[in-house]
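Below: one structure in structure tokens.
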Amino acid sequence: MVIIRPIEPEDIEALLDMASKAGVGVTTLPPNRALLEAKIRVSVQSFSQQIPEDQAQYLFALEDVDVGRIIGVSAILARVGQQDVWYNYRVSTTVSTSRELDIHKCTPTLYLTNDMTGSTEICTLFLDPDYRHRNNGQLLSKCRFMFIDDHSNLFASKIFAEMRGVSDDQGRSPFWQALGHHFFSIDFSEADYLTGIGQKSFIAELMPKYPIYLPMLGAEAQAAVGKVHQQTRPALAMLESEGFNFNGLIDIFDGGPLVEVFVNSIRTIRDSFNRQAFIVKHVDTDVRNSAFYMVSNRSFSCFRVGLITGDAIKSDTVSLSAELAERLRVNSGDVVRLTALRDPRQRRN
Amino acid sequence: MLLVRPCHSSDLEAITALLERSGLRLSTLPRDPELLAERVQVSLESFAQSPSRQGKERLLFVLEYSPGNSDSDRDTPQVIGLAGIDVCAGNGAPFYSYRRDELIHASHTLNVHNRIPVLYLTHELTGSTLLCSFMLHPDWATSDHRALLMCSRLLFIQQYRHRFADTVISEIQGVSTEDAQSPFWDSLGAHFFAMSFAEADSHSAYRSKTFIAELMPPHPIYVPLLTPAAQRVIAVAHDQAQVNIELMEREGFSKGPHIDIFDGGPTYECPAVRLSATNPARIKQVRFGGHNAGQTYLVANTSFQEFRCALVRFSDGLGDVIRIQETVAGLLGVKDGDAVIYVPFKSGGR
Amino acid sequence: MVIIRPIEPEDIEALLDMASKAGVGVTTLPPNRALLEAKIRVSVQSFSQQIPEDQAQYLFALEDVDVGRIIGVSAILARVGQQDVWYNYRVSTTVSTSRELDIHKCTPTLYLTNDMTGSTEICTLFLDPDYRHRNNGQLLSKCRFMFIDDHSNLFASKIFAEMRGVSDDQGRSPFWQALGHHFFSIDFSEADYLTGIGQKSFIAELMPKYPIYLPMLGAEAQAAVGKVHQQTRPALAMLESEGFNFNGLIDIFDGGPLVEVFVNSIRTIRDSFNRQAFIVKHVDTDVRNSAFYMVSNRSFSCFRVGLITGDAIKSDTVSLSAELAERLRVNSGDVVRLTALRDPRQRRN
Amino acid sequence: MLLVRPCHSSDLEAITALLERSGLRLSTLPRDPELLAERVQVSLESFAQSPSRQGKERLLFVLEYSPGNSDSDRDTPQVIGLAGIDVCAGNGAPFYSYRRDELIHASHTLNVHNRIPVLYLTHELTGSTLLCSFMLHPDWATSDHRALLMCSRLLFIQQYRHRFADTVISEIQGVSTEDAQSPFWDSLGAHFFAMSFAEADSHSAYRSKTFIAELMPPHPIYVPLLTPAAQRVIAVAHDQAQVNIELMEREGFSKGPHIDIFDGGPTYECPAVRLSATNPARIKQVRFGGHNAGQTYLVANTSFQEFRCALVRFSDGLGDVIRIQETVAGLLGVKDGDAVIYVPFKSGGR
């Protein structure tokens, strides 16, 4: 059985373990004990409301309760750009027409913006490679939406995720080569690293402030704009199925897309419903014929999410096994929140 | 005998022939016969100070060779050069240039200090006096002819200083490759105009400049994002233009911060007051006579509409009078007792 | 009974009538016969695919079939900014921070964009004042989404609507006074009129191209940014309930908001479903206990939408009265599309 | 006797007293004693040509009054004025200004032709030589003292031309209201800096200029969007600065296109070569003697580090030698046979 819960200080060893498996490319989970300890500390403070709401960073752990060990993490940053400056490029369109010459030309143009300032970011999704079953990744990602909606006063109405952009085997980003490279006098990985550890003032100092006409960056860089790294495609597909859309914002270094959604359009939130918990010794379930549902205890500091199958859901109640109820810290009669783990709607013809 | 005078309608054929022989880019001079005729008409009205041309005067001068007495074989005067002045650059519409500037991007943390050259689109030169449409027949492209045509324009400006702007500018052709491609255009304008450099250039000669306002990207351009080839030619003059540049520098012009928006060629500038400081003109009364000997001067009559300018040799003294042969004076349209304006003539260019 | 159908040339008199009732302020429906005839012509050509898809403009009429007369219209522009240039300001955020001085300041900044170029606009909603019942306005507006999704290849994935901005009784717009006024040397109503009749090249010529720092426009103009005219609030609320959001784009003249949505997030489309039509002599219905549903025949050139109540909907079929089926041009066994006219979801607690 | 010389550590107290008496905005001179001491130290190192100051030299001169023999009551020299030169404006960091430009927004259809003034943020003046920190004790603010302090700086630049930039600039205080508010700041900077003009001004004196890079809005500013009060003061000097402007104009300075980013005050510019053209210096050998009579000259020794400059009266002849009394020469640190550099002195200002 797996359960989502807030991360705890004791999880540090398991987290370090996972970070060392993550390898390069996942800059948000560096195998650095001090840094990870700090991340856990901020999360613990956030779940106990010991730091200002707009600086909260929530870290969710996926625990395999059978072995008593965490096998994945995911995070929410309550509000980005509150202490530092949050940068994106916006791919905007400049249209120039001349009737006299019968020209109508669209030029994609990059504007440096801080438009995500104050929005909520979901990030740092990592699942132990040994546990990459069908449901674990979905649960790790989507449990966050259950949390966001039940505590929506703590989050922005716009939620976003940044997706890793295109780079080659050597980590060379064509977008960086065509743009950042000319202004930063350092290489992409160093810029990425500095940003990762929160040292971002060099961006204000060195980044070009005027709009950039995209065609001037050449074909290879243009092709990379708003495109994800091959390994990131499944993550993108999952977010898109939840209602996230690419809406023109990209990473200033590698040109990778930012996908965004208004919280009221998130599939998990829209389709969720409440039921009273009805605790039974044992729930008989036919996994093959019934879809999986997330079930959350709606708590803030003791937030828990588990998985059940749809046949346990009745019109007013939901049957939970005694074991699951205990893990969820739910008593009989408590109201829990449910959502199908996957969108049950078929694509219409 | 060589003479600089306002262009007439009857010169149209000769100018067309000249243009055909010229390889230079002359964005101010269309090759279309009808538009060219219109252009000459504008010049005539400008010399006549027609009120409708106020603020949009575009003057065209021709350099004419007349065989004179000593050469009876060829008796009709021949147009061998052309030069123009737009009194107000832009002629009532915005005149576009890029202005070269630099921004400093510095980070103490990273120990980086970059000077980033930037091009700003500007209309700053609008309303300056623009030298344009300079052209010499290749068979007659001697240093004397070049200097005569160039300096007579400047003498005209000096003479009618109050009719011109405080700054005189001249756009110099930029670098192009052998197949008439412009590296600057290919890296910048081509992205926005959806046409070749040659097309854009000819549109700019034939049509109103509205299409530039409509298509030119308004935001500043970071030079490091241009191709290396384009960066290399910014504010660099075409080889063929060197000889004119040397002439202009001698007269007080220097390279300014502006460049052409299409080919990146430099703009040379000169405060109008410096023209007279560099080469101050004198005005004296003409008496017929003399021996056509002595120092060579560039001499012009004092008529705006019937401007005539030629090279004349005479000895200048301390008095208020100079002596010029009657035939020469006739060519200049000057009678005994009339005033002329003159400067010492230096041949120039190669 | 009311029915949505494509507008027809014969509707011109009724349309002129309505336009003269519309009064000032509705610039998209001027009481000008030549102009309205042209609009109808373009719509007829669009429904018969006689003009390029990206120039299509579809005009839907709401007909009271009992009196045989149209009582409202609404429109879709398939793709804006194809012939001319489509302008908006984007309200972007510029953040400046100085750790040394402990300053973190957000400055809203307006960027002139053509970002809606190629998107689909819904516009020109007008309902005869005598027919302002509860359902007619909803139907006129939402029938367009039924059309868009069944013919989605003809439309963009992003749909938007421009909302009238704030102005006073004299039609003075504080946003215009603070910005456009300085550059146009004409007044707001003239600029609005010129744009309405498609003469927009003066915008390219006179509009400031560099970003505008909003605080420099003064408090009154700032307050008007992204705000709708009081009379437009109900229309905004309806679009918001369909999933439209203000996402930072405003009108360049009056600062009114543009609301946008990705087509797959529109409530009407998301919640729609297909049923086989089952034609009966008469449908007994209890209007008080059953919600209204739109029913569309899914046709392109003969597009029709009517209203039924939910109790007619079975698990695989829907019962239609013979009269309605005829008006909808639907035969027994045809597949029709259905959506609740209003979102049946209750706001969760 | 009046003397201009490099500032010493021992002048610190006197400068502090001076600053307290001064009402002028001196953004280059902090009032904080520790920072001021640091500033004087930088000057000492700059005069000593310390390699660590290379490219960041900031020179400070004081004007000192010594009672001399005729006035035995007051025997210690007194500092009555201060003037600085930043060899490279920005001192290694970007130097910010707005550059005034115009864009033309024209529409044929509407018959509109608007010239829209625009301010571009620029670093163009970075690396120019900046005159700064000019201050006279109110009790001693005569036209002679003003001219002496101002012109001795310029003579120093003329003498060590190769150590300075090609352009010399001076920022002139802009218009402020009686309660020390700046209309330009209120309409522009205030929106971005979240502080009063006085605060911003003092930060700019006390701290690194990084905060300007961090907070200054990078995009061009349309002047019509500023308040009318702000528009009126663009490139307008504070009344109190008029007298200095007149002095500088006499020496070859003119108002340039740049303005201060905080208060909109004008920047005056002068090509360094023009300094010597306007007021060419002569160099001759000193012989003790003479009668302290004749024309008044501004005379300086030829030492960089121990620069001394004073007003001296003597009769200049055709020879290579001038005669100066030994006491005066001693004040200048000049021995019999040493060279001095001098220009005729004109009193200036009111």
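In order of appearance the chains are A, B, C and D, and numbering begins at 1 in each one.
Definition applied: contacts are C-beta pairs under 8 Å (C-beta built on N, C-alpha and C of every residue); 3 or more make two chains touch, one makes a residue touch a chain.
Predicted model only: the values in this text are computed from it and were never measured.
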{"item": "B-C, A-B or A-D - pair sharing over half of the C-D contact pairs", "value": "A-B"}
{"item": "Which of A-D and A-B has more C-beta pairs touching across its chains", "value": "A-B"}
{"item": "Gap in Å, rounded to a whole number, between the CA centres of chain C and chain A", "value": "33"}
{"item": "Centre-of-Cα separation between chain C and chain B, whole angstrom", "value": "57"}
{"item": "Mean-CA-position distance for chain B and chain A (Å)", "value": "63"}
{"item": "Multi-partner residues of chain B (at least 2 other chains)", "value": "106, 108, 210, 213-214, 219"}
{"item": "Shared interface positions of chain A, touching two or more other chains", "value": "94, 96-97, 201, 204-205, 210"}
{"item": "For the chain C and chain B complex, residues of the former touching the latter", "value": "201, 204-205, 209-210"}
{"item": "Of chain A, residues touching chain B in the complex", "value": "94, 96-98, 100-101, 103, 105, 107, 109, 178-179, 182-186, 199, 201-202, 205-208, 210-213, 215-217"}
{"item": "Complex interface listing, chain D residues touching chain A", "value": "210, 213-214, 218-219"}
{"item": "Chain D - residues contacting chain C, complex", "value": "105-110, 112, 114, 116, 118, 187-188, 191-195, 203, 207-208, 210-211, 214-217, 219-222, 224-226"}
{"item": "For the chain A and chain C complex, residues of the former touching the latter", "value": "81-86, 90, 92-97, 99, 104, 106, 111, 113-115, 117-118, 201, 204, 243, 245, 247-248, 262, 264-265, 270, 272-274, 345, 348"}
